[in-house]
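If you scroll down you'll find the structure; I have some questions about it.
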């Protein structure tokens, strides 16, 4: 049983069925009937007028969002361990034409209003220094920790006060909302988020995420994003196959059901790993202190996962699991002699 | 029956089956078993050691190829009606960081050695002028015309002589090879082509083309292309679904079978449209002189297609058709009173 | 006596004196007293509220202007022989992050409203094609021909109608105004020009041109341009030496006096070259049909200039000359047996 | 008496004389006789075959150097308080097309081999992470501290071992060499430096620094840099005025004489400020702990300088001063009641 990544899993049956159902002729690019339903579907989901585009990957979604919010000479306030900083080979620099990522510390890969405020104060308002123009946070964070609606809103207030755009990388947004039990609008537009990268692939999709624009400038920004999408070679000829996946996720509650399954699996593992957890387990990732010998022992029992430095492991659960199905690993963790 | 575009068709059954067969867990990105087979499959196909990457779209494949061949201060010699000039919203400028497209005229959207030579002569070798660094051609061209092996080789010789990289946009490469009946190596690496955008989507695929690197610098260029692919947000989390499609195309002869069907359909239409053709019909596109009234008449009979200016139409056939299935349109064209 | 280029001449005495007068301590960058006077000086000159920045070179001034007017995915309508197309090694592509130069034909390197209109009509308003976002013209043109106020205004009307920015490359703006005898506002802001590259160096300066912003958005665009200037390494530590030069040019009528001298010299040569001129002589450049033998004959008499293709020469006059001083060449031209 | 910045001073008489001496006609751009002497002059100065280009500003010199050493997807290891990080409005991101600055801590704004090694170890060698491709250090540092030849060589060894380019920002290189008393080659090419930004303006010049290329790849890199210089609008029409300044600096020992004067002035102040210094005084900058009241007291006596945070001041000496001329401030500092 493997816990490498939610990227490594198969596609969930509902998404596969949606792809098959889209397999007949229609207009190319995003001129098809499925793509035309996206705005409505995401507006319904978030309870506000939203504009949504399908985008190939999370990296592309994040970068195009930042290109809409930050000029080349500007900076994006973000956590120093954010995916955009660590794992995208400089994609934000490519799409923004060289904007700076202003990397800040914070427990659990969470950005705090204090850290943002301190950084803003340190910037001289002259042409020599890069001005901050956007905030980007990840929900759930790279350590599987979740921002509450109030925590997001506190950053949203700062963004509004300082004229900054506010982007949320929601590669695991579904897991965050499943944990919070709140309305998806509570941690996005109601809390000041301008653009959300809404993840599908880690949550059971095959290819394609959604970029969701909120607020007064949603239309204008989405029109610009559509240019970036084409210009970056991301406007697929047969875009209906991406649109159909996103619709399958959000026209019903598949996105939440899948995320709840993965979260439940993570909670089961968390109980097994009690006393070893490096971060609270709130979504579908666990960071577990495990010696080299312990990791070898688990692998010998058929459990696969990534090492996290010398003395820990990362375990990621996914839509195809639940509390019951991961019980063998939970038991194996419990059985380790710490 | 529609003849809008080969983009608008469904996915062919063999590709759909390959996607389904890839639907189980494996490593993410391009660390999976399918992606690992690409180099071998394309080397076999082309009869030489090649390196191949799956790439989301033709626009991305073309742009990444050009970024590997041309520095930001350089220029790419190409036809003024090439897809990279007309239909990619400046994507090559984005990926190359501002290289110039040096657009040249030529019948049938073909680039001629004479046009290339004349342009090269006009460039002063000082820092004020943009130096040419690459040639890019489309096979088959935007007008469905095919370069012979000798025609490609003549441009390849020029490229070598002047130290230029040589790229081929092969969105409809299969249709060109099906028309020529030659070995695919004859119009690529044997004729001096460095990088080929190998089209799959117009030929029955769902999502994903291949970028194929030939020659001594293939490894180094592909390594750089892999960086651009990631940096542009084109490294899909579940890349195996793209790799599986490309393999389905080229591990057997599906790519040729599909192209032959589309070409045969085009030939049947060409007979029906005799005397009205604006370009020789060599691949799966027809540009047919038709008055507004004639177009209306055809549409009234249930045939859909794009207008091409005021007095013509573009008809595109695809893998799902053949000579028999398009006979109704061939007959309707023949029946028009010219 | 050389007629290579107005770049090759010494600095005029008034500018040299202004540099010497600036040679004492003041704040760095553009925080000095000279830089502070630029807005006022150029507003007075143009008879409207303008914002002016010193910029190192014409290439930088043009590129920064275009970056203020055109997004990366947009296009700039310009003449195919414009300096920005032919002689800047792709600098506009660098500053605009890959915008397209839409090169159009036209006699005397002049852009015509008809050519602009035809090009605009050919652009489909979808995301696949690059949308035009700006017009750029050169006054006087690369062939020393001058746009009348009405000609500029016709293009300005088109720009306004289509929502395009309007830039003027005024490397030889002074020569154009000296020829027209009009108010400088008549061929700029009154005719719809948004940003002017105001040339100083060819007209007797040492280093530095001015970028002049007109209209409602002047402040906002200049603020953005100030970012590009810094970000491109063009914010000189001792900017006062550039500001002082620009002020020396425009706080009096030096810019016009110098241009009139050069123009008068050109007229004297034009009389000598009657019957050989390829373009009307309206500023300080002459393009003269001269065989190889005739050019050799002139060079043997001590006159230097650049060849212009196989059968012509380019002669450029400058601020340090006048009708009398160039009489020897005028006579030599007249004496040639055509 | 002001101690704002070495940017704020006048031009030294020798440089002004060199400018006047260049004031006659010659070929434009860098085709003139002065520019042609640069390679020789800098090769003589450094005792090795070097290639040198005049470049307008330090920001441009640094950025062009980095563009020659680091691809867009790469990273530059540098100090977190380096000028390229803090004070160039993202210019390196502009010139490198989005490369990452990998900012590291270190006392006195010095980069240590340990910090570099630790950062290199943390980078996974996959396409998701930005690979380091260059090291950049500042000599003297932003805090006026000087790297010894051994310290530079230790970083140079690391660069060679890891295949990294090595750039030195020498805005105050002359002050560093004057302090060390070594041969200029000892802290550059002999210690592994590939490209040096050689500062002139802070040391008595008007406009223009030099970019000096060392080693086997000097010619190729300089050819590329010449493209960036043009493409960025930094190839001045009358380049001879920049070349003449650089030659005035280095064909004799003016660069060292000026730097020694500034350093001597700094030492005199350092004695006056004993017990208050935040960093060793090794070049021409002092960071002095001074309360708000003390700063007010000094200003009341006619001394001007920049505050450095709430409890300190930055004092910068320059070529026009010496130990004697700054004695009044030294005395005033000594007289403060700490």
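Read from first to last, the chains carry the letters A, B, C and D; within each, the first residue is number 1.
Quick note on the criterion: a residue touches a chain if its C-beta (ideal position, glycine included) is under 8 Å from a C-beta of that chain, and two chains touch if they have at least 3 such contacts.
Each chain and its UniProt protein: A, B, C, D = L-threonine aldolase.
The shown structure was predicted, so the numbers you read here are calculated from the model rather than taken from an experiment.
Undergrad: Consider the two chain pairs B-D and A-B; indicate the one with the greater count of contacting C-beta pairs.
TA: Per the contact counts, A-B leads.
Undergrad: I'd like to verify one number: the distance from the centre of chain A to the centre of chain B, where each centre is the average of its C-alpha atoms, in whole angstrom.
TA: Chain centroid spacing, chain A to chain B, equals 34 Å.
Undergrad: Centre to centre, by mean C-alpha position, how many angstrom separate chain B and chain C?
TA: Distance between chain centres: 42 Å.
Undergrad: Express in whole angstrom the distance between the two chain centres, defined as the mean CA positions of chain B and chain D.
TA: 50
Undergrad: Would you give the residues of chain B that are in contact with at least 2 other chains, written as numbers and ranges?
TA: Counting only residues that touch two or more other chains, chain B contributes 29, 72-73, 88-90, 94, 97, 127-128, 227, 230-231, 235.
Undergrad: What pattern do the touching chains form: line, ring, star, complete or other?
TA: complete
Undergrad: Provide the residue numbers of chain A that touch chain D in the complex, in ascending order.
TA: Residues of chain A touching chain D: 72-73, 75, 86-90, 93-94, 96-101, 127-130.
Undergrad: With touch defined as at the start, can you tell me which chain D residues reach chain C in the complex?
TA: Contacts found on chain D: 2, 4-5, 7-11, 16, 19-20, 23-29, 55-64, 88-91, 94-95, 201-202, 206-207, 227, 230-238, 241-242.
Undergrad: Along chain B, where are the residues that touch chain D in the complex?
TA: Listed in rising order, the residues are 29, 71-73, 97, 127-128, 224, 226-231, 235.
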